[in-house]
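The two complexes that follow have chain A in common; it is paired with chain B in the first and with chain C in the second.
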Partner chain A sequence: MVEQVSPLGSAWTPGRHGNLAGEAGVVLSETRPGSIVQAAAFPGSEKAVMAAIAAATGLALPDGAGGGVATDTKAVFGIAPGRFLVIDQVEGLADRLKPGIPVETGAVTDLSHGRTAIRIAGPQAEWVLSKLFAIDFALAAFPLGAGRATQHHDVLAAIQRTGPDRFDLYVFRSLARSFWTMLVHAGEEVGCEVR
Partner chain B sequence: MSPRRTASGGRIDRSRSISFRFDGKRYAGHPGDTLASALLANGVSLFARSFKYHRPRGVIAAGVDEPNALVTVLRGEVREPNLPATQVEIVDGLVAESQNRFPSLERDVGALNQLGGRLFSAGFYYKTFMGPVAGPLKGTRFWMACEAVIRRAAGLGRAGHAPDTARYEKMNAFCDVLVVGGGPAGLAAALAAARSGRRVVLADLDPAFGGALKWSGELLDGEPAAGWVAETISALAAMDNVRLLPRTTVWGYYDGNTLAALERVGDHLRDPGKGAPRHRHWVIRAGHVVLATGAFERPMVFPGNDRPGVMLASAAGRYAAEYGVLPAERFVVFANNDSAYAAAARLREAGATVAAIVDVRPDVSAGARALAARAGGELLLGHAVADTSGGRRLTGVALRRFDAATKTLSGEPRRIEADGLAVSGGWSPAIHLASQAGAKARWDETLQAFLPPQPDAGWSGAGAFLGHASTTAAFADGLAAVAALDGSLSDAVDLPASDAPDLDAAPAPVFEIRAADGRGSKAFVDFQHDVTAEDVRLAHREGFVSVEHLKRYTTLGMATDQGKTSNVAGLAIMADARGMAIDDVGTTRFRPPFAPVSIGALAAERFGELKPDRLTPLHDWHVEQGATMYAAGLWHRPMIYGHPGETVEQACVREARAVRDSVGIVDVSTLGKIMVQGPDAAAFLDRVYTNLFSTLPVGKARYGLMLREDGFAFDDGTTWRLAETEFLMTTTTANAGRVMQHLEYMLDVVWPDLKVILTSVTDEWAGAAISGPKARAVLSACVAGTAVDNDALPFMGIVHGAIGGAPVMICRLSFSGELAYEVYCGAGHGSQVWDALMAAGQPFGIVPYGLEALGTLRIEKGHVTGAEIDGRTTARDLHLSWMLSKKKPFVGSAMMDREGLVAEDRLQLVGLVSLDGQALNGGAHVVEHGDRTLSGSIGHVTSVCFSPALGKYIALALVRGGKTRHGSRAFISDPLRGRFGPVAIVSHHFFDPEGSRMHG
Partner chain C sequence: MLITCPCCGPRDVAEFTYQGDASRSRPDPASTDQAAWNAYVYDRVNTAGAHREYWQHSGGCRSHLVVLRSTLTHRIDSVRFARDEADGARRRSGSPA
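Right after this comes the complex of A and B.
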């Protein structure tokens, strides 16, 4: 199989940026999962789609808007009513999901090339993301595993909290380089390490 | 040692010295000083020249309310004008200069304006620059002739032209309680809210928290107040649920309890942190807001009240107590209320002489008398300052007897030598944010002040903001504001007891001291805009009696300070002139911002970079190949791949020729792509497209047209049926977002019963179009897993295979009119597939082409794009009526047959051929007659190119009558660019009208 080329190109500059004092406030990386797939349910079929996701990935989605769950290699979270973003480090997730979601129930859409996964981790992750997104990143308001669909001006972003100090962001591939550049810039105040 | 610096006291750090420049002269100050306090400490009394009269002005206030002492701070080449010197913290190497003076602050030729005092009164411009009714200077022309001179003579600071290289950022914050103001009321509220577990943000515009406790000199439980403030701040700072924001001005109160604040992160630092912003714009969404914004002291209006050395009593006391600076050596204190007595005592304790305390009231409280005794000097009750003397510095004041009931002066003036006059005309609560929140202020007769409106659920007030002047009351208010919140389980918060004396909070209702004969110096109401008491009365005489008219006619309360020191006195004088109560005259509402905000902070991370760059997977390849890129919306697309020495037209012609002669390749990844999935997908497409898609077989594509609901053409593109219930829709690059919105709206609102799921997959696929007679040969050479001959892949057919090891989807369709294929692959594989196609095309001389050639090829074919589907054209105008299905209704079908949309004389698509061999211009008019005027316009040019296939300049145009004019001649006229010339009107199908090439 041909390897995906990262959209970040020359904007990916590993090393320390901005404030050099002490520990880096944030660490940025591109996680490059093999599969990013949207599983969508028609109204009334949400539970069936959640069950299909659980069957294909082993991830049990909690009820409620923006709920989600993440492990080291897989993740799923709600991005809209009846819509879930399912991520797997292994390729081919769309094909594994399709049998469980028949046409009458919903649809599986492969976005593995169309979205870029960016991880921001570190003690200042909430602070840096708060510069760009008008949502509350505090743990109480944005619990572990939960997801949010939001945007920074023209850049739509689906964000999942995958750790107390860690968030995974899914942005449109074509805007990823611009967004990444801005994220590094925003992280410079607290010291930003690119890996 | 600075001449005016006290030996001890204040919160400045005397162990360190800071060097700065003002108007080119070097001065020294200490950390903790503002520019105002440091200059005062150096004996500087002249800070500025006034707006209109260029009068010498000193500093009046010690805070954000300062109207006079505006300076420009220079950071390298960057100028930041109109900063109150009271708000500028000094830092080593600071460079500031005064404003509105020439050639210097000391010797300012503009001061001649004072001689024309009457001339420059309110309404001066409106009356003087009406201009004669006839002649060269009629109407506003006279004004326009004078404007440049006047603008230079009047005004504030001058902005620079150097680009600002500083960084600005935005921050979104959420909290349960936002406390605005870090004085005693705010600190009490923050403590109570924080101890009850709430998320708290505490903001104060000063560098240090504490408010008046920083300079009041009172003891709390027997200890200096500063100690309690420091303990409280460190306790708050240690709590995870509290964010402290010093140097942060909350300036806007918007709907939904959203507040805007400006944090000055780096202005006070000599070396700002690497990557740190200079200013940060905070957007704070607060569950509840406690407004503890304090109050502003008001000056009194009396003749000569603007001489340098006249200042607010609280400011004089604050300079002495907070900064260890005596603004003058020998003070007279002039008041209508008790608070000035405390300031007098503070000045005395710091080492100044208080020559006299002059009070308009016939009697004062015991507390005030005790303070007067501490201050020393004469206590002159029932007196007022009738005038002052001095040039660039106050030298003395003239006192007369004053009857507060009749507001009249009497008796002979008595002169007292003084270089400082500390004035208090009462206090105005800083109700700005509450006013912005929506409600009307309430006039309080006792306090002679506008109090905040009754609070709503979103906010409550505390302390001096409510008119409660004492620390004890402020503490109680702060606790009460939090205790009143729903579900409050606050632990008891013990607050210390203040030793401050009880004073009478009510001032005498005296705002102006006015000689019966109107003689004496000018008496200013608004210092920043040079509005005098006489200007207010003039406005009244001329009929501008409403507060809104008063403001606009006199400019009272405008400009950077927004009348913080002047509004109430102005209203009081107008009320007096009208014989009405102040409450009945009313007041203007406040609007954001409370204090000036840097535009850079509002732009934040978009400063200098307005929009993100949207890049295709092949972007880097284009750039490496030397393509000239240009912006198409957010996208960057190749215009041409120019060779050295080629013009744009030459490169475009070379690229287009290659497509017609051999083969070319173009990046079409930017096309909008929407996945349409679900059992009702085909039915949905039948409704949104004018033509049928339910009849399209799997594995085939069809060209589709969408109309708007009003019947006009909206967008076009091909849609591919990938499976029975799965379609890949493509849209034009420019309209992708709009089409998605339109479809989602129809699905969510109009046809919620349809089972369809829409997903934007624009970025999922990279697309390359291979066009030209050799296109099939190129594909054959590199595609695995499928045949691409005419049987396997007929026109509008789709096949799946692999190129360069990556899965691809190939559709045979043509925008150029040649045999052409669009190859789609996963975006992450885009560059590998493109490289493989280039390699396979090399034997055939494959040429990459840009948007210019793409446009040329489609114009030759008469294909329309956004230039023709411009929101005003119908399907019929564009000769697409064959696409309007009669078998079904669709969006727009009900409206497309309206009379106006089917009229014979509509502008319709035609082709134009230049007859003079010159290029045609997009936007040029098409005229019938042979002169350059546009009166005979019959339409306009939409798209132009040089056609390599025809060897002529051609264009698409929208022309009245359309096809009926084929074969006729006309002219194009473009007066803007000076182009006029003959054209032939022809069919828009310039090249291969039968389509034999693409079907071959």
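Right after this comes the complex of A and C.
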């Protein structure tokens, strides 16, 4: 496998930023998945696409808008009616999905090189994300595994809750550096550790 | 103003793009009635009150929506997928999907 080049470049500054008191409120890192793929269903083919995702990844999507599930190496969540973002640390997921999603069923779009995956974890993750996005990050409103498609100004973001205090964000690779820098600034108040 | 997307739930209006008056109906594409086309393209009644309009949840699920909104109070009475409205209109007119 060819070594991935991070779009964050010199904006990735490991170490502690901002408030130095106590433990870090948030920890920022890149998860660097090998595959980020959108699987979309034509109306009426939603179940077939969900079954194809399960066959290719072993992940069983729950019913309902924005439902999702995540493991240490794979994740899937709904981002729109009949549309899912599927993530795998291993490359080649689009090719593994395509046999189960022929053109009459839906569309498989490989976004691996078009998105960057950013993880924000820690006791203040909800607080810091709430500065940037106008959605409810409380566990009751945004359950474990669930996904949301939202935006910070013109930066579209697909967000999945992958832990009680942890969210994975998928943003345009071309905007990743400025978005990352803004996340670090937003986290400085509560102590931000970059890993 | 919050718009409750049928897919995403209540979201800030900043996530949405206005796409115009949904109360108009387009003349038959084969029509050469200049007055009908002129009215379709340019005439707006500037409603004060309940207004049927298209929005897109451009900063979320990207669905096209039909919203019934009061232009006086911004109160929103209904939000539906435009796709479902179109399907309903097709069924009513008996034309194929």
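Here is the rule we go by: the second predicted complex is superposed on the first by the 194 of 195 C-alpha atoms of A that agree within 3 Å, B and C clash if a C-alpha of one lies under 4 Å from a C-alpha of the other, contacts with A are read in each partner's own complex, and residues count from 1 in each chain.
We adopt the following convention: a contact is a pair of C-beta atoms (placed from the backbone, for glycine too) under 8 Å apart; a residue touches a chain by one contact, two chains touch by 3 or more.
Only a predicted model underlies this, so the values are computations on that prediction, with no experimental measurement involved.
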Scan A:113 for contacts with chain B and chain C and give back first, second, both or neither.
-> first
Which partner does A:173 reach: the first (chain B), the second (chain C), both, or neither?
-> first
First (chain B), second (chain C), both or neither touched by A:18 = first
Does chain B (first) or chain C (second) touch A:151, or do both, or does neither?
-> second
First, second, both or neither for A:66, with chain B first and chain C second = second
Name the contact category of A:135: first (chain B only), second (chain C only), both, or neither.
-> both
In the superposed arrangement, does chain B or chain C reach more residues of chain A?
-> B
Residue by residue on chain A, keep only those touching chain B in one complex and chain C in the other, then list them.
-> 134-135
Per the touch rule, the chain A residues reaching chain C in their complex are 43, 65-66, 79-81, 83, 134-135, 148-151, 156
So, in the complex, the side of chain B touching chain A is made of residues 169-174, 199, 273-277, 283, 285, 604-606, 611-617, 619-620, 634-635, 669, 675, 677-679, 725-726, 755, 757, 759-766, 804-806, 826-832
Parts of chain C lying in touch with chain A, wherever the complex brings them together | 7-8, 11-12, 14-15, 59-63, 81, 83
Spell out the part of chain A that touches chain B in their complex, as residue ranges.
-> 1-7, 9-10, 17-20, 38, 40, 42, 103-104, 106-107, 109-115, 130-136, 138, 141, 153-155, 172-175, 177-179, 182, 185-192
